[in-house]
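You will see two complexes here that share chain A, one where it goes with chain B and one where it goes with chain C.
Our next item is the complex of A and B:
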């Protein structure tokens, strides 16, 4: 059971931690390569085997081969030299060094332990993880669990632990692993904070607090990999590794630095005792507090219902207008051609933009380029959201075809949500919610379509407003459901300074840096559907019924 | 139609010729490749042969000896690069032949049923039939993965076509080759003979059954005999057919079998093997008999529908199915657009279930195998969905036919035909 054995990482080790810390403090301004060399010396002195991985920056890792194990499984303690806040990870590195020494003295291990020192927990850690599974020579078996340790500053004491667990692409570590860490922290009398909950609120267990953590968790899972700071747990995604980031917060609290080491030690000992893999049932959850979670059976139906609602409104697009199923089937090849070409254009754009960004040399260029991209998308959004202003006389399509296009796009979104349900619930839910206005397009178009033209009001202005009302609705629906609108709103309201710029940059570059596919889902799943619907609004001839009525 | 045909062939020929990695990578997909029909394992056996080892040692190769030696000889003759181009061309050609046979069958089916009913039925155009086969994404994927399933499909459809042509021995020889290649089509002999019963003019009807089965048994015997001479051991029988019957290769595929046998205690396995094999066969005769075209009533029964439904049933209960099996039954469906499809009520639902299965099956497999956050149940649930697609097609078409028969027998007026609601009690 977690935290039932006594951890010996106590007072005697405290002195060792302090020793490493005072040495590291002197070295903290050295570049990563030199730090790694010194750390390598220390780790070799403690009796560990060390090796390097040279990616964009060099990473050092030390392997402790388990005395009782089969040498096939490993646990990772990852220490970034720079924490996610940009400080030197002084406490974390000292604990890591001391733990390396301490682990090696114990004879209980049946799984290997790897201690990794990387420049930061973003790209360099990700590259190390990838290299470990593909190209590194010295390895220690499949990694079962990983802890990323961050401890800013030189204080001996801290207030509470922040736990970050979101993986890339909607993946989560096994809940048992998180529970183990939280349980151990609880027995050490350390409070655990989720989703950036500030220190004074971590002990609150009110409805409001839980709801806040819950909603922030959904948004966080959706934005993981594309919002800085990257916490490090993301880097282990995709290789079936349970990873959690533990950050010590505050400098005054009742807890001392060896307790942080004890949390790592006890968690590793719990994982060490596992004979099988982590249990299947606990990979899908949404946490509300360290001890409460919502399980998949409860939350999944919400996104399923949203997917169904898109499918239904797609059907309603055909049934509630003059498009019969058979005429839809007749125009299906046209619909498919139009949609495929839009999808193809989006695919090109989606690949071109990251390419361009990686081609920029200076930060200024990059800045200008991203600003240009944001402005470009916003202009496109405004232009296409106001179809009534740009009605051309040429290049029109029949209202039947445009209803078919809308219907097909809605069905497409429904399928995208269905596909994402299991993989990335949060993204599925949020895309579903945010593009929901698209389902109102068809009723609005219909109301324009069969408008009883000119009902006479006393004021000409009112008259004008009345005719404009559905157009205004159409504008709002299209405008707010565009990805760029959501990016701007999220960036400026949720992420603080320079949020829009950072969000856009990270969104575009995250595939190349971290293999986070949110950009492609947005550009190939959401955006083409939006484009198709707005083109259908722009080009459609929605005076079909009125004119046929006139004929009668 | 010629344009479509050329385009379909070029598509199948050009893509794997320009990107030679595509067949290999598709061959590693669980939806497309099983130990029984994987082209990779066929190529593996070339290595055995060139080193003078019996290709049926080692349990890798489960292809019939004649097929192996056919490909092996071409590989020896042409060298590796030309051999790749040759296989690309061969697969494209066989697909084109299948689509041509489907056109012939469609034309015959329309003419035959229009005559039987004495009214002009709706006929789906040749172009559509060809496109439904050649541009069916499942068939394209199946061909590009170079699954050897397609040869067996070709000989099955050829067998049906030869019955229409009035040539029973040829039909039986084709069916025997098809069964020799992949065992499952052996069960189709019942609906095909019943089909021949109505179509082939002979003096004595029992001749059809005697001659038919005699030709079938003889030719299958000959094929086995040649294989025996070729490999100079009987090991291939065990490897090619025993593996299918005993379900030796316990690997995930999109069928219903594997999950049961992974979850089961070993001592139950023989019993359930019996049950599953029985299940595989059990509805063949009932479907054949129910849809038999009796002389007593002119329009009741439909021999070709019986073959189609038996095929769907076999694809549903196969030990090693691929999505090519399901794709082929979908390519056959438009042939019935004049007769049964107007009575079908579940086509749209089937389509959506099928689509969701296709989208989610690779994702859930990825969750299970790569990410490790799912388990076998995830993937198997999608297999059940594929099973549901088979069953939906089966009940929809069968019920559609029964409604149509009811309308004919009770002379329901034309305007009520598609609104009539029948229930079983």
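Our next item is the complex of A and C:
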């Protein structure tokens, strides 16, 4: 059982941690290569086998081969030289060094231990993980679990641990692994904070607090890999490795630095005792606090319902308008051609933009390019959200075809959500919610097409909406359901300084850096549907002018 | 050669015709010790014949040779037997070559190969299973799990034939390995039982399971060969145990117990050139001054010489930095200046003190000429790959056979074989020659690959190849299916023109197969069971019953046989009653008329 054995990373080990720390403090301004060299010397002195991986930056890793071990399984302690906040990981590196020495004294290990020192926990760690499974010569068996350790500054004490666990593409580490770490921290009297919960609220167990962590968890899972700070747990995603990032927070708390080491030690000893890999169904959960979670059976229906709602509104698009089934069937090839060409254009754009970004040399160029992309998308959004201003007299399609297009797009979104349900619940849910206004397009168009009804609805909101001009309604519905709008809103409100720029850059580059597919889901799943609907509004034979006159 | 000290430590050599034993202790870097126990037993000369099934061997006397093994060899017509129990990762960079050029230690787990005399391969396999099942019981190892699916007939890797078979028969080299078998005391005890001293005296008395199995790496091996002069043969059995012992860990365990508690503050060894005070301590490297004795390392002293009437010479070499004291019970017989020889005499326990002022003063490590590592690539559950890297550390080219047998559920694709030398992809036929390949048959045969590889001096060759993982049948999964499936270590046999130079093995690998969630079938069974019974009930009701309204029911009910019967009876009763009533009425009226009259 986790935390039932006493970890002896205490007493004089503290002196050793401090010893390493005072040396590292002098070296902290050295470039990564030199740091690695010195660290290599120290680790070799402790009896570990060191090697390098040279990717974009060089990473050092030290293997402790378990005595008499089968050499088939390993656990990873990853220590980025630079923490996700951009500071030098002084405490973390000292703990890592001391743990390397401490682990080597014990003969209880049945799995190897790998300590990885990377420049940061973003691209360089991801590259190391990939190289471990493809090109490294010195390996130590399949990695079962990984802990990424961050401890800023040189304080001996800290307040609480922040736990980050989101993987890429909606993947999560096994809940048992997180529970183990949380349980061990609990027994060490350390509070565990999820989703950036500030220190004073860590101990709160109120409905509001749990809801906050829950919602932030969904958003976080959706944004993982595309917002900074990258916490490191993402880097192990996709290789069936359970990974968690532990960050020490605060400098004045009751916990000392060796306790952080004890959490790592005890967690590794728990994993070490496992005969089997982490398996079964504990991969689907949403945490509300370190000890409470929502299981898949409870949360999945919500996204299913959203998918169903899209399917229904897609049907309603056909049934509530004067599109007969036969005319729909007649126009299906047209619909498919239009939709496929839009999809293809999106595909080209989706591939072109990362390509362009990676071709930029200077940061200034990159900055300008990303700004240009944001401006471009926003302009497109504004133009296409106001179809009534740009009515062409020549290029027009029948309203039946437009309804078929809208119907098809809604059905497409429904399918995208259904497909993502299990793979990436958060993304499915959020795309579903964000593009929900698209389901109102058809009733709005219909209200333009036919006489605007003045009947009083039972819903006050609907009542209000009915009195609004359909133009405005159409504009709002199209405008807010565009991905770029969401990116700008999220970036500026949720992510702080320079959020929009960073979010856009990371979104576009995350596939190449981290194999995070959110960009492609957005560009091939959500955006084409939006484009198709707005084109349908633009080109469809809806009599905007007469209807607005009628209103006046 | 003053800067290094050679210490081939304890050297018990018995000039005995049928039994010899020896122990050699070699100091290694990082305060490790390599202990090599060697035992040689010879059987009495005898005639060895081919035994058909069921025939018993005639030999009854084996002297020093174990009585339990002799008949087994004869009954299964085994002419050579090689059994390996190995555990741990051999650190070739630190420890150099595997002892005895790797010819006496196997890969992780248990390895068994034998040369069996038989007229046909099917007969040879029969003998083979007989042999492996008997050895399984004997050594408490899972050797009984050896079956067709892991048995191979190696061609060039293990070939060493010294026996001449009957003209009617052939010799078959058969091999199998069990990579996930843990090696434990239960394997050591029968091993010691084979010795004439039974581990009670001589150097074998040092072999305590607690200590041997607390080493960094250990290997037990048994090699039995049949040596013949004309028609008279005898069995020669070499038993050896090698172990790498971490001395500081042993000492710590001796003093503080098994748990690695923090070092006491006053015992901390700090680097005084760096920041250090009562709070801070930058740890120093390993201590170079060590004092210990044999009893601390092995848990026991040597309990006298192997046989009381024999004299056991003990050979000790030591120079600067290493001081060796014989604590008790040992008579120093001869002490030559170059190779001093001690002899263990009598039955008194013998302990030896080691006082070392500089543990880094060690004999030069014989570097491994080839460093090999094999790792799994890929991540998916349906396919994977191997990446084997060979580094030639020598000044001349190295030629070797790479033997690999993969279990049938990994379907190897030879066309995916790619070779890289020093980071550049090369045509692999320049370096690798496929000597033998036998594809696997599901559940019946493992794949068997032998590659002849030549690597130029100081080059690194990397071989990549891919395989598919297949689904097993439900019942084929072991109870710990999610642990993964072990792939046995590959065997590398280095040759030169004169013959076999040395052997080494890669580590075993753990493959994750697509594993079903075994609790799921039960959930599904329960769920479908419920749904089925519900559906069945309603369908049956629908099929055999009719739905009608109450009125219809009453109407229909009136037509029923019972109702008819009741109606009939009612009618009869009514008839009778009316008849009686009529009669009474008639009688009444008759009486009345009579009265009136």
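The rule is short, and it goes like this: the second predicted complex is superposed on the first by the 523 of 552 C-alpha atoms of A that agree within 3 Å, B and C clash if a C-alpha of one lies under 4 Å from a C-alpha of the other, contacts with A are read in each partner's own complex, and residues count from 1 in each chain.
The rule is simple: contacts are C-beta pairs under 8 Å (C-beta built on N, C-alpha and C of every residue); 3 or more make two chains touch, one makes a residue touch a chain.
All values reported here derive from a predicted model rather than from experimental measurement.
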Comparing the two partners chain B and chain C, which touches a greater set of residues in chain A: C
Contacts of A:291 with chain B and chain C, given as first, second, both or neither: neither
Partner chain(s) touched by A:171 [first = chain B, second = chain C, both, neither]: first
Touched partner set for A:54, first chain B, second chain C, both or neither: neither
Partner chain in contact with A:283 - chain B first, chain C second, else both or neither: first
First (chain B), second (chain C), both or neither touched by A:419: first
Which superposed partner A:15 touches (first chain B, second chain C, both, neither): second
First (chain B), second (chain C), both or neither touched by A:201: neither
First, second, both or neither for A:238, with chain B first and chain C second: both
Residues of chain A at both interfaces, chain B in one complex, chain C in the other: 238, 240, 277, 280
Chain A contact footprint on chain B (complex, rising order): 352, 355-356, 359-360, 363-364, 367, 370-375, 378
Footprint of chain C on chain A - complex, ascending: 8-16, 18-20, 22-23, 45-47, 49, 65-73, 101-102, 105-107, 133-139, 141-142, 238-240, 275-277, 279-281
Partner chain B, residues of chain A touching it in the complex: 171-172, 238, 240, 277, 280, 283-284, 311, 415, 418-419, 422-423
Chain C residues within the chain A interface of the complex: 30, 87-89, 91, 93, 108-109, 179-180, 213-218, 246, 249, 252, 259-265, 268, 270-271, 274-276, 279-283, 285-286, 373, 375-379, 387, 389, 391, 460, 462, 480-484, 486, 507-510, 512, 515, 517, 519
